[in-house]
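Letters A, B, C and D mark the chains as written, and numbering starts fresh at 1 in each.
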Amino acid sequence: MNEFFTLMKPELLIMAILFLLLFIKISKGLANDKLLQFIQVLLLINFVAGFFLNAEGKLFDSMYQTNAMIVLQKNILNLGMFFISLLFTDWFRKCEHLSEFFMLMLSALLGMFYMMSSGNLLMFYLSLELATIPVAAMSNFNLDKKVSSEAAIKMILSSAFSSGILLFGISLLYGATGTLSFTEMPALLTSSPLQILAFVCLFTAFAFKMSVVPFHFWTADVYEGSPVVVTSFLSVISKGAIAFVFVSTLFKVFQPLHDIWYNMIMVLSVMTMLIGNLFALRQQNIKRFLAFSSIAQVGFILVGMSSNSTQGTASIIYFICIYIFSNLAAFGVADLISFFTGKENVDDYKGLYQTNPLLSWVLALSLFSLAGIPPTAGFFGKLFLLSAGATTGNYIFIGIAAVNMIISLYYYLRIIRAVFMDKNETPVEKISINPYTKIGLYICSAGIVLIGLLSWVYDYIESVVN
Amino acid sequence: MEPGLYHLLFISAALFFIGVYGFLTRRNLIAMLMSIELILNSVNLNFIAFNKYVWADKLDGLFFTIFVIAIAAAEAAVAIAIIINLTKNFQSIDVEETEEMKY
Amino acid sequence: MPNATYIMLIVLLPLLSFLIMGLFGRTYLKNTAGIISTCLSFISTCLAFYTAYGYFFEYGKINGVYQKLIPFNYLWLAFSEGLSINMGILLDPITAMMLVVVTLISLMVHIYSLGYLKGEERFPTYYAFLGLFTFSMLGLVVASNIFQIYIFWELVGVSSFLLIGYYYEKPSAVAACKKAFIVTRFADLGFLIGILVLSFYAGTLDFNTLIQRLTSPESNELKSALAASFLGISALTWGMILVFVGGAGKSAMFPLHIWLPDAMEGPTPVSALIHAATMVVAGVFLVARLFPIFAISAPDALEIVAYVGAISALFAAIIACTQTDIKRVLAFSTMSQIGFMMFALGVSKYGGEEGLGYTASMFHLFTHALFKALLFLGAGAVIHFVHSNNMKDMGGLRKQLPITHFTFLIACLAISGVPPFAGFFSKEEILLAAFQHNQTIYWMALITSGLTAFYMFRLYFSIFWNKSYHPNHQDEHGHHGEGGFVMMMPLVLLSVGACLAGFIPFGKFVSSDGTALVSEFHLQFSIAPVALGLTGIFTALFLYKTENDKPDKMASSLRALYQIAYHKFYIDEIYLFITQKILFNCIGKPAAWFDKNVVDGLVNATGNTTQVLSEKIKKIQSGKVQEYAVYFLVGVFGLAMVFIYMWK
Amino acid sequence: MNLLLLILIPLLTAVAVFMMQNNNQVRWIAFFGSAIQLILSLGLYVVYTNARNHGDTAQMLFEQNMPLFKSWNINLHLGVDGISVAMIMLTAFVVVAGVLMSWKMEKMTKEFYFLLILLSMGAYGFFISLDLFVLFFFLEIAVIPKYLLIGVWGSGKKEYSANKLALMLMTGSALVLVGMFILYFGGGKSFDILQLAQTTIPTWTQHICFPLLFVGFGVFTALFPFHTWVPDGHSSAPTAGSMFLAGISMKLGGYGCLRVATYLLPEGAKEYANIILLLSAIAILYGAFATMMQKDLKYINAYSSISHCGFVLLGIGMLTKVAITGAIMQMVSHGLMTALFFAVIGIIYERTHTRQVNEMGGLLKVMPFTITLLFIVGLCSLGLPGLSGFVAEMTIFVGSWENPDTFHRIVTVAGCMSIVVTAVYILRAIGRTAMGPLKEEYNNLSDAAWPEKLATIILLVGIIAIGVAPFWLNDLVSPGAELIMQKIQMAK
């Protein structure tokens, strides 16, 4: 029984918070301010607690498994959650159903945690759905906005469709191998046509969640329509979680099919980077822009994934960790501006530096990090991904990735240019940032600069993965 | 003639594609949801068929089916909630209403 | 042994003058600049005389041969084992001679300028440039290393550029200084490549080693240099020709002479120093410096030197007859005289009696420096007086400018080769050398010397006789006499030199191989040139003594020839055509266009293509969830098909 | 001497600058920081030569090796040889001058200096790092600040230029990146330059890697036809930006071509030497001819930079010790010279508000100090002895001539020809700007102010120090060139 508590500690903590929130909600409720502070504290505790009393092992007949790497991944996501609770303080305070929103978000997170720990396709499916469905509801949280509903309906329909395909794949896989267990699966994989079909169906479900081209179409629309919080949750936490699962599933469970998925990932990665970049070039809406840019980022994650090595895994975890900092910082800024002024267009950002230097610097740092410009951490993250990808000796692939880095630089610079260089008669007025958000932004900026330069971060991740 | 594995698989495949077809062509959001249910059901049929004819010693397939049904219900609940919100605000459940964001 | 410190001081004192004037002149030494510079120059001159005396009479000669001494050598830049640029001093007869000439003329010009440029705003700058020039010229003559000569060669060029452009607000001066620099630069390109060729084969840049390796027949370096050939001519000959191109550019030899007449835009004392006495003979000096190689190993190249010299001499003399700007006449005369020196070298052989041309050339260089500087300074005095360069504004000045008139006359007689003035002796030797070795050149030279006498006296009569001088219009205030002591003293000193320099037994000191060469005086031989010279003088007397229309009549009767000569054989126009039309329009413009449109266009096109592509594919994100599902399905089945059937 | 100081001082300066509130404090801190760095770099020279004179024959001195990313075998490996010392001194000179030249910058002063110092940190780091990854890190650090410098403080079509510059340079660094990875996996999983130099890298890897690395770094050095960022970038940048760009960043490329591409991949270098020569000869002449047609002073200097940097690549492509030494000297010389040129242009522009040579004339009269410098720098550009340009170019020519075959000869002669063309365009520019009649409206222009004077004099000192006494620079860099040549000679 003791084992149960230590192994499942992250999930149990989340569940505890969930129930606490539920209890508060049904008892009397708290004012948004208080509630939010309470949640922030809880999430901080949750994050800190993640470092203690960890163990490795399996539960429920290998249905649930955990190890140091998974714990680390969960901690990274916890950290992301904490940041979200800080960065979007203003939005949360205005939110009508704050506790419900957090309950949804936390249950999605819970789903992701289970997904990461799942040792069985059934478990995986259940947790995947748990991680998806609440997000669809969250997307609709700007209840009176049509785009929000549109985003939600697109999200739920697309993901339902994709889970249909996933299930179809799982059923075929079950038919072909007779097992749903991750531990038993590899020995039974023979790359027969049926298994390949099944695998492709499974693969596409991951690809869909990670918004790999051509399964990415929902991403931009959902990101644009949803509240910024949801967008950032989707693009950071959700994407990170699925990337973690994707890596470990491919590397461990589907190792026998390596030849196939290597090629698949290569092709899809190139497409993802290209399409993501080409679309991002033209975007006017900052959220949509970040959506496409995050699609392009996924392409880079896939490059790292193609390495099929622990270094690849480590660099993906590292990258996601950096990505959380940089993307959340960018979304944090975007949210502040959109919340206070309702402006979401790149053109509205013109002359931002004149009025909001802090926001501008944070935005610039995060965009540079996303573009992979030193000395930000993104540089290291991206370079390690490419480096991991290069271990296979496929340098043309790396070359294409490098070219895409340049295209992506072009559109990141577009924002930088708007913020720092372009003149504007009516720039965004000075925004007074509340202390919580400010702390969040500072932490993110510090993270963006330091994670890369403090090389032990990567070494730590690498040691955990090993 | 006793129906065998292939019959069932055929039916489930047919069901799957009917579902897909419905999802792709229906204009009504509810109808699209129903099409997804068809897909899920075809999967369920698959599981049961495999469980019965191929892996009769294991019960994984059956369990999976039950969970799929449950999840489908949850999914439908959220989806319908969203649709209701959409209808409430815009008096339409046409999928073509949701094409504002593009390019 | 020579005192290296003194020789270095000779070179470095002008540099010091340059630095002081350049750094502090404009602010602190506005009035005293000239005096300080002149003093430094004076010290330098004294040291030069001392050194020359020491070299020629005390330690220079060992066993009857003047040695090439290297009292100082400093490794400046080492390229590789053998190749290095050394900053050194090579002391041999021509160096000693040149040290004297350069410092002396420089001193004269320093003194003269005190009067000539009095009250100029940029007085210190002027002296700074003079110092720079003197320094570079001295560095050039003492160079012990072919690259050192090139370095100072360039510095000389730039100081010439700065001094020609001294009146920088005058567009013509600006154009002239640019032209001078670019044309000589073009020639220097040849020099540079020549150096590279020579250094490659000889494996050294040091003069002594270079000459030794490339003249001794058994050395491997010489063999390989002769064996390698390009277009049928040996690499060595190519190298020497290219080096000569450099020399020809600096010495304004045909066809690289076009900068010299324009260079007269500079202040007149500068013209005296740079464009008459010293810098323009650098080319002659260079050929003389490398003379053993020319004479022994590359006679073909030497022949080219001879013909270029002779042609330039004649060509310039013809043009000089038609020019009306006095400084231009003098410029062409300079070119003509340098042509003399050049072909004298060209017809010479190495060693003993055969080397007469070499001695004659150096002798002429020496005497020419004196009387040409005198001419220019005299012309300067005239210009100073009438404020014009044009002969037509002058005439009858002998009364106003008696000293100038007298010294000018001496100089004209000297340049015309009238005995017993300096020019007579040196020119005589040159003609003798030419007569002995190359008849064609001899005849060309003879005609030239006749023409020389004619145009010089045309100049003389036009300035000092002809019509009577009418102090013209506005500048009544300009009647300040002859310019005082400082301007007259150099004239007098130089005219003494022009009178007496011819009696120096030059062959005893300077000869191709260092041994004394006793040149005999052939009376019967000198009859022809002297007679021709006198004919020229009397023709000029007849035509220009008094104001009349004979010159115009003559000009119209020889209309075509006159026009061509007046327009300097249209060489400038040809150059203009080449630079403007071909260089700018056919290379420069297309290059700029290509860069802007093609190379840059490609870069921009890459960007635009991406943009356009991005615009083109935006349709697939249609916003319809069902279409998304279609793509999804296509993706699934596409991947499945590919990996089941194709990608095994 | 601890080389980390060279990175830390700019870093601290940058942070301090960022903390300051008042523009005056910002300026002085930036100045002090860069001045300390200058003193430090001169000290480095002294310490370095001292160590060499005492018989320290190690390839790199003051080495430091700290593990950074263990699993990738990435180390913070620092060390200098003569070449790096020369480049560091160049950087220090240009940075101080750049800081001084921006003294009057009133628009976002803090940010300006912050970026400037950050940029210099990139350059310092680049020159001292012996680990490819770290080197690449610093290379990229030196790009983006330029984008902002041009885009925010620039003039003309600055956004376009900034974009072009950033994207083209990043393309270059992307090529470097790919080449670096191939080298890493082909050479025993090490980014360490010294280790890579010891390992034998397979021929095919060299043949693939060399063009990537060389072209990649070549973009920074304006390798034809990847040079188009140069004119636009330089002309749009603020004065200090242009100085940095031409003075330092273009040298990053040259240094990379030499230290990384040529040194590590000698076989590749031999394979592609002729192509490099061809391209650089084209760049030299074509750049020079294109310069002739320019009317904007900054464009003139920018195009002439293409031509001059062609010499760097020419020297490298010649693959002889002397030519490579010359290439390095040309880098230093051109760095100082072009920085001074841009500084002078900046001074003129600030007063006349035009850079078109046609609109000026006779400025010598009103700004004697500045225009004298213009003369000097112009003469340096056309290779006047006594100034740095001559020494470098002559060394390259002498080295080039060591190759006896016709192709090399033709290329060398083509290179030599540029000295005439250079004279043409430099004199055109100077003639139109400085000489001729002075225009009415420029009658009251003031000469350079003290920071500008100090800045230009600092650079001038460098130029003259090399021009008058080139032996110290030669002694400093030629052992490094020698080592590179040894590698090349050993290769097949």
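Basically, a contact is a pair of C-beta atoms (placed from the backbone, for glycine too) under 8 Å apart; a residue touches a chain by one contact, two chains touch by 3 or more.
Since this is a predicted model, take the numbers as computed values, not measurements.
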item	value
Central chain (by mean CA position)	D
Which of C-D and A-D has more C-beta contact pairs	C-D
Approximate Å spacing (C-alpha centroids) for the pair chain A, chain D	42
Whole-Å gap between the CA centroids of chain C and chain D	36
Between chain A and chain B, centroid-to-centroid distance (C-alpha), Å	27
Length of the line joining the C-alpha centres of chain B and chain C, rounded to whole Å	97
Residue numbers of chain B (touch at least two other chains)	23, 32, 98, 100-103
Overlap residues in chain D, where contacts from two or more other chains coincide	167
Interface hub residues of chain A, defined as touching at least two other chains	153-154, 157, 161, 165, 220-221, 282, 410
Chains touching one another, given as label pairs in label order	A-B, A-C, A-D, B-C, C-D
Footprint of chain C on chain A - complex, ascending	153-154, 157-158, 161-162, 165, 193, 196-197, 200-201, 203-204, 207-208, 214-215, 217-218, 220-221, 260, 263-264, 275, 278-279, 281-282, 407, 410
Residues on chain B engaged by chain A in the complex (per definition of touch)	16, 19, 23, 29, 32-33, 36, 39-40, 42-43, 46-47, 49-51, 54-55, 58, 60-61, 63-64, 67-68, 71, 74-75, 78-79, 81-83, 85-86, 89-90, 97-98, 100-103
List of chain A residues in touch with chain B within their complex	121-122, 125-126, 129, 133-134, 136-137, 140, 143-144, 146-147, 149-154, 156-157, 160-161, 163-165, 167-168, 170-172, 174-175, 178-180, 220-221, 224-225, 282, 288
List of chain C residues in touch with chain A within their complex	607, 610-611, 613-615, 617-618, 620-621, 623, 625, 627-629, 631-632, 634-636, 639-640, 643-644, 647
Chain D residues touching chain A - in the complex, by the definition given at the top	67-72, 74, 133, 136-138, 140-141, 143-144, 147-148, 151-152, 158-159, 162-163, 166-167, 170-171, 174-175, 177-178, 181-182, 184-185, 208
